[in-house]
Amino acid sequence: MLNEKESSNRLWRWFGVSSVLFLVVMAISPLKDYFREYRDYQKAYADLLLDRAGSRKEVEEAKALAVEIRQIWIPDWNNRVDRCITCHQGVDRQGMEDVAQPFRSHPDTPHSGDDFQAFGCVICHRGQGRATTVADAHGDSEDWDSPLLPAAYVESSCGICHLGKVVPEASMITEGRRLLESSGCFGCHDFPGQRDWIGTAPRLDGLAEKTTPRWVRAWLRRPADWSAEAAMPDFRLADDEIDALVAFLWSRPPLNGPGVTGIGESSQGDYDRGRKIFRESRCISCHTVDGKGNGSAPELEKIGSKVSRGWLMAYLSDPHAFQPETAMPQFQFTGNDVLDLSAYMMEEFIEFGAEAQDDAYKPDPRAAEEGQKLFVNRGCSGCHAVQGVEQGMRIGPALTGIGGKPAGMLDFGKRDDLPRTLPDWLRAKIAEPDSFRPDLKMPRFEFDDKDFEAVVTALLAVSDEEIPPALLIRAEPPGEPPAGRFGRLVSRYRCLACHQVNGAGGDISTAPLTAEGSKVRREWLEQYLMLPTTIRPLLTDRMIHLRIPQEEASFMADYMENVYVDDAIPELLFPDGVPPESVERGRKLFYERYGCQSCHMIDNQGGYYGPILNGLGARLKPGWTFWWLQGPQRWRADVRCPDQGIPTEDATDLAGFIEAVSNPGMEDAP
Amino acid sequence: MSNKDEGRPGEGLRAITRRRFFQTAGFSACGIAAVGAAALGENFLEPRALFEPPTRFLLGAPESITPGAVYLEEAHQVYVMRFAEGFRALSAVCTHLGCITRYQPDDKCIACPCHGSRFSLDGEVLEGPAPRPLPWLRVELTASGRIAVNTAEEVALGTVFKL
Amino acid sequence: MKGYELQKDNNPKTTPKRVALIVRGQSARRVEDRGETVPTAPNLLLREIVIIQACIILLAVMALLFDAPLEGIADPRHTPNPAKAAWYFLGLQELLHYFPPVVAGVLLPGLAVLGLAVVPFVRVNWETVGFYEQRWRGRLLWVSLAVALTCGVMALYLAWPVIVPTLVVYGLLVLPAIPAVPERLRARLGRVPLADWIMTWFVAETVFLTLIGILFRGPGWSWIWPWRAGLY
Amino acid sequence: MSMLQRLTESRVWRALVRQGVSATNRNRILLVMDNVFLHLHSAKTRSRNLELSSTYFLGAISLVLFGILTLSGLLLMLYYHPSVPQAYHDMKELQFVVSNGLFLRNIHRWSAHAMVFIVFLHLLRVFYHKAYLPPREFNWVVGVILLLLTLGLSYTGYLLPWDQLAFWAVAVGTNMAEATPLIGPKLRYLLLGGNAVGENALLRFYVLHCALLPLALAMGVAVHLWRVRKDGGVQGSSGRYGSRRQVKP
């Protein structure tokens, strides 16, 4: 019996001990739960607010802060939940810019507080929105494959919603997208939603008439050696591959279209006159020569060693017949102009120390066959069209969703040295594709560090994130191209390559044409079209001399006068001429109140920074001047002329003064 | 093994007190654990992050609300009205048992479809079982010039919002 | 009742009134008396409570130390590599590596379940007599044939992990037949009935295959050494 | 004290707690006999079965695990939506927001693993102790069914977090089921409620996991325990393998 008692005692002891243990173990989780990480952050934030509180109200506010989970919930967008503000409590509060993270205010962006509520945080910064611990929220845990985006690449997130080539106020991704387009990435890779990218690679038909095998070999060896601005990457071709490609290209039939025959290599043409035409036409506004030019067109320094004279003349006569997509306008050169211009260019722009031409090149048919295969296999046909080869075969993998790919799914190949992150992988992949696997076909691009950063930023924006249609900002619709005769002329002279009209067109010229009719006088415009003059001496990209015939210039000036009008700009500011008191008042305002003379030259005195105002009245309509003065940035956001908040009456008088002084004798007549 | 202890006086007693100690400890621990579990259960059941629409919502600019119109904002169950003296927002939830009332344009009154309560446009009970008038809600103008209503903030009856 | 004999134990002090079953082929023995009894409360009850608490304590500690696995959200486009099932299905997954789904996924597990279900209805399982305690030579021959057949079929499918435990268990079964083996071991193994041998074989297979699946399989279901490649 | 006394002597108290302190053998036996939860036990237990090696309490542990799973599962259901992709988000909510949510999920997961393991051990224990011999053969079969139900519960529970592991385990599993002759494709179609693992499959697995299989298991356990009593209580180690005859190979 005692034995039983003894064992019973032991049982009760077991029971006591295990019950207490049970209690202790069960208490751990609630304690852990109570002391969650965010609790400390919220207390620290409350303390911080108390420290900084300037008023009684702020003190009470800080004291009233509860320890709780804060979140941005977007039910209409896949039920997104971002709890970043549980710790980052200062993001939407002003005056916390100097505080250490996690409490710092969000830096200024084009999007503001209301937008944060609508977007959340994760769409831009990545990481895990639902998480309430630092490691998990920043995406450092293993089960989350979208870690926090490094600050350097954060602009890529703009590109998730802004699908256009140009993302406003985001220069990095805009540059990245420009590089992706100009480098021809889409020749090999499929980019979703980027179908409006335009290739600049020329057709390769009739190459035998245009250039020499020697030049093509040199080019293929490494395009950047020929021209630092070459858009074509380095394919690292072996010599026999280059030979095969040349044989293939030389075995293509000659061009059917514009004839390149006839003129040959004759030495006709006036070198000096050619030089004059070259300067007058301002070729160097676009083409690089001696380091000048804006780089929007190929450099010409060695063009004489590259192309044949016959081809050059044919091209100068009708560039659009060779390259329908080119930005090069159609200059109205006469036959003699072309002859002289080509004589000048062929003699002036040659590579010194070049070998003699090998005239009699006969392609080996077997090598040509080999070259055709190579042409397709290395993806040449992705960018270059040539007869007999189907274009648009993309040999690279599609890049759909590449910007959201989990690092775990990336093939790092031999690269053990890389951090296992998507941006590092992308960068290494572009910089040294063959370091992953030796047989990768991807060429090397001549990018510098900034280019790499921009391209990776643009690639990170190639996301398959679902975005509500209301938030998507698609590529800016290509502004309705001008139609009719005016449209044909605009196309021939490629006005939109430099000027913007209704938001479409190039950005080389600082002068959009949308309100040109309200801005300038018709007579001036006609003259300017025929023979452009320098308006802003500081600018290097000046209007080119297209030799537009009078009849066309007159037509275009008429058209713009009547169509490119902005109703916000007064048509007639001084119907009865400028009143003298207005001129006097305007003069005072000009010199004393607003100090315009520090930048502008008027009456042959003043600064040289802004356009010269002498003779301005002959160019601009006073209504325009008046409108401009009240906010120059309304015209273009990047106008340097400061917005001095000039009131209407001051603007009127100033416009009157400028009109009177810069254009004595000219009536402000309809 | 415990034969030796058998004879000693007091040993058995000590064994019994030890046993009592463990019994008490065990049962108390279990008791505390049970109470704790209940508290934890309650804590668990209380959600800490809610997925409910915010109580403050935005309407259009003041001009977008036609004077004299009674407009039911269905998502938040609020009547928004604009009369000569200003804007007002009334809860559309019947104070009786929470049905959503309807505006009867013919009678110029608000009626509840469940138990027949009727309210005036001032929220006063005209007839039916509703115990209280319909609450008036805070109306504000935001910085961006839009009308905002906060369903969580009741104001005294007759507090109109003037521009 | 054919095959059974009934025997009544009439002493109510030692045995409650119960029917005893005596298996044919053995001498009739009296059903053992039920032994000493004690009140369930608190003797058994307390033990059970302690066991329950111990279980919960263990589980709670485990839950505190190790988080339940959670991978990325399901993505029908990408299969993780390797895609391993829960550990208790890894034996099955290992079988699927060798056999077509109908064999590994349906036939073999079906047979195993059927085999387990009919355990109490098969004669060999009633025998609590050791394998070597009677007529063992003929049976050893049959067992050897069965083992050879099994191993042959498995070898056809290159299913070596199935053969290994089979041979190990068979080796243990054969040991008592070898005079060179120490007498005590022979006696110990010799008393194990055939039913237990079969079950042991089944357990060995299950454990072995499951362990392979857990420890030795990596990306692409390739063979790895966990101390070199880590656990997947 | 008198308050306590009055309370313990009140009718209501005595109706609820019927035996008083279990100090006497009579009260100890009544405690078991009168209690709905304890009536699965006999009033008296063979002292041999108190030994750990008799049963290792494996059946009891299985039952406890089932209880833990039911309780934690019920609580988890309160924060779970069987829909894509909310199911996965709910796992994250449990981890990051719900009080003790992750702890509860962990307990549920590990208990499930433990239950499979312990139930299997229980089966082995019963086999090696020859506890399936008549008259317990029916209960053995019930036990095998319970093992299958346990595996089924584990498997159906697997899909519910809707993570990669879940998705592919179920994709592979249901494809295996498809290999069953004759009924295979139909079986898979019914199981998934379609041809692919998707919204329907998740809902079906949810219903199986939270309603059908637990109900079946609970009923199976009831039968199992009832049979244990009917077949004469637990059968621990019989300790009599064969005779003690000398082996003569």
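For the reader, a short list of remarks on this structure follows.
When the chains are written out, they are named A, B, C and D in that same order, and each has its own residue count from 1.
Simple rule for what comes next: a contact is a pair of C-beta atoms (placed from the backbone, for glycine too) under 8 Å apart; a residue touches a chain by one contact, two chains touch by 3 or more.
Molecules present, by chain and UniProt name: A = C-type cytochrome; B = Rieske 2Fe-2S domain-containing protein; C = Cytochrome b/b6 C-terminal region profile domain-containing protein; D = Cytochrome b N-terminal domain-containing protein.
Note that the coordinates shown come from a computational prediction; the quantities given were computed from them, not determined experimentally.
This structure's chain pair with the greatest number of C-beta contacts is C-D. The chain with its Cα centre farthest from the Cα centre of chain A (C-type cytochrome) is C. Chain A (C-type cytochrome) and chain B have CA centres that are 52 Å apart. Measuring from the averaged C-alpha position of chain A (C-type cytochrome) to that of chain D gives a distance of 64 Å. Remark: chain B and chain C have CA centroids separated by 58 Å (rounded to whole angstrom).
If you average the Cα atoms of chain B and of chain D, the two centres end up 40 Å apart.
Within chain B, the positions touching two or more other chains are listed as 40, 43, 48-49.
Across the assembly, chain D contributes 85, 93, 95, 97, 99-100, 103, 163 as residues in contact with two or more other chains. Taken residue by residue, chain A (C-type cytochrome) touches two or more other chains at 8, 12, 15, 18-19, 22, 26, 29-30, 32, 69, 79, 81, 83, 143, whereas all remaining positions touch fewer. All chain pairs in contact, by the document's touch criterion: A-B, A-C, A-D, B-D, C-D.
If you check the complex, the residues on chain D that touch chain B are 75, 78-79, 93, 97-101, 104.
The part of chain A (C-type cytochrome) that touches chain D in the complex is made up of residues 29-30, 32-33, 69, 78-79, 81, 83, 128, 130-133, 136, 143. Per the touch definition, chain C reaches chain A (C-type cytochrome) in the complex via residues 38, 42-43, 46-47, 49-50, 53-54, 56-57, 60-61, 63-64, 70-72, 78. Residues 40-41, 43-49 of chain B touch chain D in their complex. On the side of chain A (C-type cytochrome), the complex with chain B involves touching residues 2-3, 5-6, 8-9, 12-13, 15-20, 22-23, 26-27, 30, 68-69, 71, 73, 75, 79, 81, 83, 114.
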